[in-house]
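Working notes for the structure below.
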């Protein structure tokens, strides 16, 4: 069993920290929200008054934070306070270059780092069914694996520092893109007077088949856009996709367009709806909203 | 059992006509290729000297032709020669507006029409495992259903005249788009130094899962672009997608971009490769070809 | 002075036929609209009861029609009725491939053809200030030049049959694209709290300078979208751009996107506004409409 | 006459600092390149051993640096060392949000800031013919105006802090977009067998007219891509455009596509060519490279 400092007890971090406590680890958490910390205590963990206190004596520190700047701030404090041999696992979704920079800073203090962003959303976090994409050294992955197994189902070591973030970015690109394609298919079918449900049934039976069509076509046809995964978060993630492409020196036209469609959904006021609300953008520009 | 005239015995039409003959129907075929007709005779059918001869006395005429102009020419001849009550099933992939125009012309002669494009490719045709998307009247669909069942597995009546073509267009849009997205994911992963196979395994396990990832990721990573379904054909189909969108009065930005990426693959000389060769376009513009 | 049959006396054709009559040519016109023909008679021309009557005895036939199908129908009649040596000048904006097909059909009857689409809009037609882009043989261009000089200012022989249409397509691509770019610039400036007028003044003084910025930035900032050149017509023209690209075997990503933005403007109900109303699309997807 | 500290004596900064010295100002410069400083001394300025030394006693500090991170580092040092009442003019092209953050930090020390990015390139800097887009307070702009007049011709105060960067971003979007459009026009014309020079002459005479067509069509047709303004720099600038759009909460589809085309030019190895080399991307994807 490990002694874990857990920073960031939000919608994702809270159930994750709870699973680790339930698995018998000693989990000391910190979050700016007092109720979030109370919830961790209920789940068998402990609260701390700040980052430095949360990680005091920890063998492993896990961070689950909203954006690059939070990760930069918190990991700076962790690196300053943390001792030689500490394993820092950042499970936030951020830019690959930030993950690499954190790993480099940490290495100077003898602190080892894994980037381990997840997919599967709130439901995945609650049900310990996340997909976890891990970047970093083999031996650090091996050490962290039992912890990951308390949190997720698909756990893959995909490469060196930053690789986890790149895979997460690729995932969000494909997910956002398929939402946009299915949205265009629905709008085309409906505008042409074709029954969308019957049409999508055909698509789902052939080479166009995909999980979004399986899980979401009914709700999309019904215009039920309750989240799920919010447009605001997908907008943030498309920014990471573009940063990752720029860093890797590649040209990704589909990513460029999907990013603008997601940005449109957000600008049009649908930021708190499910990412399937890309359909609303296609409807609007097709005069069918 | 029906008396069927079958026009167009190409890669798709040839096995389809064969299945109908094997099912006990009387099939008289015509094609400009003599070997194609010989093959039909081998399969139990009969050859005709021309369209009018092929459809003489037929209850059902099936056309399986490359492009709108061929369908227009052949159906004009069928409508001129065909009698009241004939059922004309066009299984070609063409523009919805062409299908509608054919149905309108035919109706003036008392000829009923179904548009019934297919997906599943050459393998689907050979194995009688096509998906068939049918537009037209209920009773005509009901009459044709036994014939369709000799040819395919997923058979759906999706709406009025042209609806089959619209669904086929939506299918090709989603298929082409997913190929483009998977191509961008592969290029991003590889350029960032991530193992593409491991990365795509994660994607295939989550919300990004899709049949193309299942069937084609190995061949794409290996750069094996043997067809399958050729870029040339997908290029033709993206033209139909754009025509269908224009006809329906909708704006489909993803369709616009996918069409240009497929056009690029063709212009770059990859027209006879599998449509997964969209990867070559993304590689080229990313300096990785 | 020439004996001219002029088919199509709409917003563009009417003043053009008038200029030719005013220049001393014998102009016999036909249009489905009786008032349009009355106007020609007022301007010194003559009315005819149909296409064949209009071109009887003509040395030159000019057509100015809305779309490919009208050109196909009228030129079929002209070719059937016209004699050896006739010069047929089609000034409609249509697909290059249609222009080439017309020229080929006509050649079999000894009829020579020029494609000569124009830009400059209604004002250009009224003021005999059109730009005229001409495709066809050198000697036919030379013969037609005096007629063109009665209609326009910039008159360029750009290549063989169809070349006039290709240049017109390139023109509409660039015009539509610059409207879209200026629209995005305005939305970005305004959303960022920058004075759009001051910002565009800077752009107009540097490498970004363009005629649309010169002529239209005031009206765009004021959201004055009175036509001018209607979105509906630009939508038709972007269809020609895409057909021309497909025919030429090239991939034009910007053209693909501009076509969808123009389609959006039309689908959103702005078809009868000026093409600068692309700004409304960008505003809408940016949540600023 | 002012006492000026000038940080960043590169291709742009060097002639700019020279013009200020020539105008009679006391200019103390710093750059990591010793030859750059020697050149300033030749031009009548003085060299400093570092940022802090360069700004000692200065009334005005001008920075002209490559990227956001350099501006952040240098302005941090300027703000630390600079006294109350100092005017800091950052003429670098960076993200609007960075400009705003610098202005906020500086304000806490009583230091006033203008963001004043330029366009016109190396030639504009040498000939004191830059366009200068200025964000900040009215009175600070008024104070800086005599300095700007020594450097440029079009000098516009466009709004509050960051507004200069937003206008520069809008400029680079429109410039990049027009290059892409002209590239597509050239490829379409040539592929269709039309004389590109004649075709572009027509475009330059109508609504499609723009400065890039005026200045660059000959060199583009001749495939002469000597810079001028390099693709690498335009790639950086398109990153700023996208950051500015994200910050302003707008969706800019054309910007998204232009960014990917410029990224393609760079990825394909054309980073050190002129930005007109976007033509090479369109040629490549059209199979004409």
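In this document, chain identifiers A, B, C and D correspond to the written order of the chains, with residue numbering beginning at 1 in each.
Note that a contact is a pair of C-beta atoms (placed from the backbone, for glycine too) under 8 Å apart; a residue touches a chain by one contact, two chains touch by 3 or more.
Just so we're on the same page, UniProt names per chain: A, B, C, D = 2-hydroxy-3-oxopropionate reductase.
As the structure is a prediction and not an experimental result, all values here were calculated from the model.
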Legend entry - Least hop count linking chain B to chain D through chains in contact: 1
Legend entry - From chain A, the most remote chain by mean C-alpha position: C
Inset, instruction - By the contact definition above, name the pair with the higher C-beta contact count: A-D or A-B. - result: A-B
Inset, instruction - Find the geometric centre of each of chain A and chain D from their Cα atoms only, then give the gap between the two centres in Å, rounded to an integer. - result: 36
Inset, instruction - With chain centres taken as the means of their Cα atoms, state the distance from chain A to chain B in Å. - result: 38
Legend entry - Junction residues of chain C - those touching two or more other chains: 245, 249-253, 255, 257, 260-261, 264, 266-267, 285-288
Legend entry - In the complex with chain A, residue positions of chain B that touch it: 96, 119-120, 131, 133, 135, 154, 156-160, 162-163, 166-167, 169-171, 173-175, 177-178, 180-182, 184-185, 187-189, 191-195, 198-199, 201-203, 205-212, 215, 241, 244-245, 247-255, 257-258, 261, 282, 285-288
Legend entry - Residue ranges of chain D touching chain B (in the complex, touch as defined): 253, 257, 260, 264, 267-269, 281, 284-288
Legend entry - Contacting residues of chain D [partner chain A, same complex]: 239, 242, 245-246, 249-253, 255-257, 259-261, 263-264, 266-267
